[in-house]
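These notes concern the structure reproduced below.
For clarity, chains are labelled A, B and C in written order, and residue numbers in each chain start from 1.
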């Protein structure tokens, strides 16, 4: 006779099985295939061929001179990696600086109005990523709103489109709600009596911010940072629309290998690299969160 | 009428978990509940009374032991095949169904025809005096009204036994007293065996035909309210039901010695060192023992006097409010009437 | 005696920045919507209010086909995701001591933990091989892919609703002679419905909006609205794209509002 606990567990797994099966087939399983593909040779027209090799992995970082066969750092690749990391970090920083006051503002609204403000911040959150990117495009392109307004003041047209800055603006815009919402959740749980205690002990507003607010809402900051940094690192749509073909990030570079570049193994290797980078970032997140909880 | 509604629990034990962290919620519990009676399981939280109730309902299976309903062994029957229904502590009324549909739910699950269900629902609702609420939703009812609907729902399928899990604990005092009378009336009218769980000893004494006092997974005493109150079997029962003084004494023959004082007993009792249990309201003024007053508290309808016997044991007694207030430090003479003394084992 | 005006919760400059942020958040979207009503041909000059571009978008056969495809995929994927997520939630949420609970939970949320481009590439590779073997070229791949990444989004409101449900209700039903199937049909499912509806709606919006995975998994000619728009962006903006964007936006806002209202109503009626 099976004991009731084992029976219950089997039952649970049976119920979860269909969902898990679909996920394994259409989400988790294919990741393993990518890993395998990164160790194969590019096929003649597309796809891959049998000989297993680490060539693709070499190509990620190094390039072979076509004349004398020497290996050197693949500058173009490294530029792309650096740009991706740089823009992701900057995006996280900008969204933090803009997001903190916004989250604080929403959390300090009277309860009846708060639902309205949350609704207002949620709409951009659920709006299509592409639409929001196109919207930024409308603003910063050469005949866009920004230049039109500048024109009224006699200032010259600014050529923002297809630069790193454009991509940065786009990503900050698109990912801002992801930073605001977790921080809002943390601030919502914040005990205002801590503030009163700090003021009672002669703290200035800035000191309160630095020594009381930020440490206590740290889990929210960490969560928001991860929710911005990870998608930024793997961004594809925004750099494509706002960066043109020149200012590629890892996502665009990966796509290139499956499009014009026709080097599937390299694309696969880059995808695995991105996955590792994300896993590292998540590991840092878990450590930072555990640290925050220990000190909190 | 009553054979089929007798409940017999034989040596039931219930263990949760395994190994060193296992909890023994019930330890070899046996009791027999007469059909058609109002039986109460009484005890502090954690004593196992709710576990026993769940065993009777079928939500738990005993680790050891049997449960018999009339002649039938129901130990292995799942709850939806046992002719026993429960009134839950939180009422557990279905929020998306109207009052009428809630009450008729059991009958619907049993596949009774719609006409029969409607008639029975109407009868149940009038039994608990909720006829005009038939189409209301649960959320629109007050706590007391929800309670009555929960009752009607559990009674509708005509179970052989009705289990009530602390149903009155969420109600305010006045409503509680009203419902106690209601429940008693319902039990008499339907003739169903009621098994009632509570931690409130006053409630138990008021309503029950018989009480099982439980503690730490064991039955401490089973008896009528009078038996339990006047003749507590051990220290736990004496302390849990009403208030009690516990005075160490030495019995020789029919005399109990407390220090230098002597008290006459009216029955043959075990000899040697014992504990005398006597309720504060039974202690009389007299000249058997002299005590020193420590404190007097005015209770409105009585005076509560806390005193100290010569051997240092504390004693509490009640005096009519009109009496002169004994001052702290003064001496008073006390008497412990034989019939009011209960002799318990020494610690 | 005047009440103290010291507000402990006020931090200097924060309100101003917050308001500015809200303005900046909506400005681009409003601009986009405004431009969609531009009567003129040129994107720069305002040519009067007109619904021309909407008309042109509606008349465009490619756009219509893409719109239908988007709706078909979103409808199928959200239905599948909602059903699968409900089953999974029923298994996982109620069983506190389920062995391997953490692993199951991680698997369900996996799509949220991996960057979309990686999943997109992985599916491209995987489905390419399947296409070669079976020759099937239909929408099935897209629907399967969408359903998969919609599962975690559906799971969230369903499991939340299940956890908030009074567990004794199901015991009460069993006490009143209901079999497990009857309990599910009469008690669990009706009470779970708002969560399932919310899960389906969320999945619908997520699927409708997806760009990256769709872009990589689709075969030629299988454009959805977002991939169509992405393709158009290669040639620079056109008010037609703005018009389509505005319509998509309207659908999202309507669904979101419905979601909020249902949520509020059921939070009020919780007993």
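Here is the rule we go by: a residue touches a chain if its C-beta (ideal position, glycine included) is under 8 Å from a C-beta of that chain, and two chains touch if they have at least 3 such contacts.
In this text, all values refer to a predicted model and were calculated from it rather than measured experimentally.
Chain C has the Cα centre that lies closest to the mean of all protein Cα atoms in view.
Taking the mean of C-alpha positions as each chain's centre, the chain lying farthest from the centre of chain B is A.
The greatest number of inter-chain C-beta pairs in contact is found between A-C. If you average the Cα atoms of chain A and of chain B, the two centres end up 62 Å apart.
We define each chain's centre as the mean of its Cα atoms; on that basis chain A and chain C are separated by 18 Å.
Spacing of chain B relative to chain C, judged by their CA centroids, is 55 angstrom. By the touch criterion stated above, chain B contacts chain C in their complex at residues 57-59, 78-81, 84-86, 88, 90, 92-96, 105-106, 109-110, 138-139, 153-154, 157. On the chain C side of its complex with chain A, the touching residues are 6, 8-19, 21-22, 24-29, 31-32, 35, 43-44, 80, 84-85, 87-88, 90-92, 94-95, 97-100, 104, 107-108, 110-111, 113-126, 128, 144-145, 147-149, 151, 155, 205, 208-209, 211-212, 216, 226, 229-230, 233, 237, 241-242, 245, 248-249, 252-253, 256, 260, 264.
Those residues of chain C lying in contact with chain B across their complex are 166, 168-169, 171-179, 182, 186-187, 190-191, 269-271.
Partner chain C is touched in their complex by these residues of chain A: 5, 8-9, 11-16, 18-20, 22-31, 33-34, 37, 47, 98-102, 104-106, 108, 115, 119-124, 126-132, 134-139, 141, 143, 145, 148, 173, 176-177, 192, 195-196, 199, 205-206, 208-209, 213, 230-231, 233-234, 236-237, 240-241, 250-251, 254-255, 258, 264, 267-268, 271-272, 274-275, 278, 282.
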